[in-house]
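Chain nomenclature is as follows: A, B, C and D, assigned in order of appearance, with residue numbering initiated at 1 for each chain independently.
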């Protein structure tokens, strides 16, 4: 019986392939890379106020507003895509003929996107109007990330050991980011927390890609042995390398931004 | 033997039915809805002080005082009801003839209410007199919520998988609220934490209703399969929808309050 | 083999009886009761400065100094007692003839006392001289409590279900207190945290007594059934009642102190 | 199959011996001892500013810069050593002939050192230039310690009970230090947190030595029985004694530094 049940929800077409992991990975990478430029810029602006042309507080507020729009649009696209891909649920939740839930995986992903969408909406309202306290944006983002992790925890029943392990590693980045963003509610504008969040976001993005490569090796490369303990150990270590790599990107972008600012300061 | 034991404490009449879940759910919904009006009002008052007629600090303090009374009264009613319903324990704790504890479930619920009652009393004293530091109200509320969760953890032994799962989901809302309220001891008046607490309170209320519908389907609807894994996955997702719904309510109420205030500001 | 091992470390004479639980319980109750007078007094002093005769800051600092001495002396007595009771280890750690560790339980208790002793010493130095930052006293106390809990975790292997359960309940009070005291490092003098700590200390004390009554019923009362699930449920609830009782004591003492102060204020 | 796998990664030559535990232990002890002098010195400097010759803020900043260099160099040496010891991996990650990962243990240790190296680099940049916010040094150190603990968690599969236990005890010191250092991001310069970190660093160092003595008894002393439960209990207690010992060292160094300062103050 368990096997039959499994078959119904274990092999969704949208997510259970290489592309299904590369896509969200790309989104997180995109945001991570953008943040790795934005926050050093903001910090440099705050420090040397003369050299800063565009970086007035209003400018950065407008950026957060735009970010909110992009987040909401991405989330909407994601939700629509999960519903209306050729073998998505098309808004049908329960299959009354065969008496089982329909495409639960797609619904779960749509739910994840929903909360990112709400977070985007809150960003728009908090930074576009002045009715909402700005700190709400961080709280909603923190909740969206937390709920992503929360739903991920229930993705993993009955899978192979390596599959579970690579997703569990992802949970560290997710819950770490959720805690970090929640701290930002109280320590808003702390560059340290912003950098930490950025690094965890890049890590999440690049690890999504890694999961894709491990579980669905493209180009006919050989499958990974799902029960070999050394594979698990290697991937744990590999996860740390991804994180080191995330810090490398942060360092490079930080250096470029700093240098440009020194240059601008010297010229002006 | 385990079965016999189970029979004694697994099927209390007061709680183990639809009404027994709908009642506490309604209380939490009531408080959540009230807070979803009160805190936006308080925030709006603090921001535009001219437009604010009743919202002096004393007014809100009086509100907290009244809240304390309501909480204490509700808790007292709850405790009395749990004790003196037709097949309640009537203050009898141990059945000496049959040598077993009597109606432990009712006693546990009464204990939960007891701490909400203490929290209500502390509210009354802290906001009615000036002998007690006001922050005590949040600490006691946090403890009351924590103890509710603590006792819930020991409700779940030996039940069916789905039953355990829906109650475990509830624990996230409960312990989340306990942590959130404890943070309010140190960040008192933070609108973000107040909104978070409100959302978790609404979530708890509506999830109590959902549990009632799942475990005791009214109107002769078919029973849920307690061992089907997909049901668990659906309910996890459903829990997130409840939370999204809680934010929808918050958003609507927040918007109404904000609009009324803008109107009042324009008129005055 | 396990049974043989168990016999060696499961039945220490010092602790494994009613008195062995009543003694530490009394110490914690003593400290809790003292704190339940001291902190309301300190708070009242801080609020109405005229009515306060003895409560200068120096006075309370001297109190903490005296507390440190008492703590250190109690800890020293405890350590010596654990070592030199008739069948204590008498400083012998390893039994070379029979090739096993000697009286590990007594050594563990002595270790617990050691950290309370260190905490007492730090109190003495921090409040007696001005070389040490005062916040160190809370950190050491937090560590002492944490280490008590840490060692307790390894007390519980291979015991009966009920025995494990009542000690696990104790751990909530212990780790709760450790976290609370650690928070006091950063929020020193917060009356809320001080009251929370006091309540957890009273809870710990009274629960030690309860454990004694449950595991070693004095006066020939009947033994508790160690495997009955309902006993576990009752004790969980009973734990909450102890906590409510701790708050009752706090409330009574707080009221008395407040009334005396109002009286003093009215007279002066 | 598991056994065969185990053989491949359970017995690395570099770490799985007495020296392999004594070496990192010595590094942690060295840093711990240095910090146990540095932070009391810094605190004393901040308190009596006249008696302080070298302790200007710039001086301590330069110290942190030098510390960063030492950390980075140590980490580099460690990484190179792990790679190029006679039976290290020599940068080879995968053995294509025998189709298994090569020397995973050495790679894991190199990864640990890598993050300490990054932390060292961040120290250098944060204290050598003024482009990077100084709080970044604590965040990177916290992450380095966290990743050490994270990788340690996956070292322990399939080992004997006592082996697992002594490493688990180490994890308390590691994760405790990681949390403590992360708190320093927000409470920078808090002497209490600095002392706590120092004590946990000394504990980690001395416990590494203890692990060496327990698992690889030098000089032909008899092996420890890996499955005896009392050994586990003794080692738990022994861990606490190490911690008490760490505080003894701290106390001695603190006293010496304080006395020297009083002397200097009296002379000047």
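Throughout what follows, contacts are C-beta pairs under 8 Å (C-beta built on N, C-alpha and C of every residue); 3 or more make two chains touch, one makes a residue touch a chain.
Bear in mind that the values here come from a model prediction, so they are computed numbers and not experimental data.
Asker: Would the interface of chain B with chain C count as same or different, where same needs over half of all numbers used to appear in both copies?
Answerer: Looking at both copies, the contact residues mostly diverge.
Asker: Which whole number of Å gives the spacing of the CA centres of chain A and chain C?
Answerer: 45
Asker: What is the distance, in whole Å, between the centres of chain A and chain B, each centre taken as the mean of its C-alpha atoms?
Answerer: Centre-to-centre distance between chain A and chain B: 32 Å.
Asker: Two-or-more-chain contact residues of chain D, please, as numbers and ranges.
Answerer: In chain D, no residue touches at least two other chains, as defined above.
Asker: Taking the touch definition from the header, please name the shape of the chain graph: line, ring, star, complete or other.
Answerer: ring
Asker: What pairs of chains are touching here?
Answerer: Final set of chain pairs in contact is A-B, A-D, B-C, C-D.
Asker: State the interface residues of chain C toward chain B in the complex, per the touch definition above.
Answerer: Going by the criterion above, the answer is residues 43, 172, 187, 190-192, 195-196, 228-234, 236-237, 240-241, 243-244, 247, 254, 258.
Asker: How about chain C: which of its residues touch chain D in the complex?
Answerer: Checking each residue of chain C against chain D gives 2, 5-6, 8-9, 100-101, 104, 107-108, 111, 114-115, 118, 131-133, 135-136, 138-139, 147, 150-151, 154, 157-158, 185-186.
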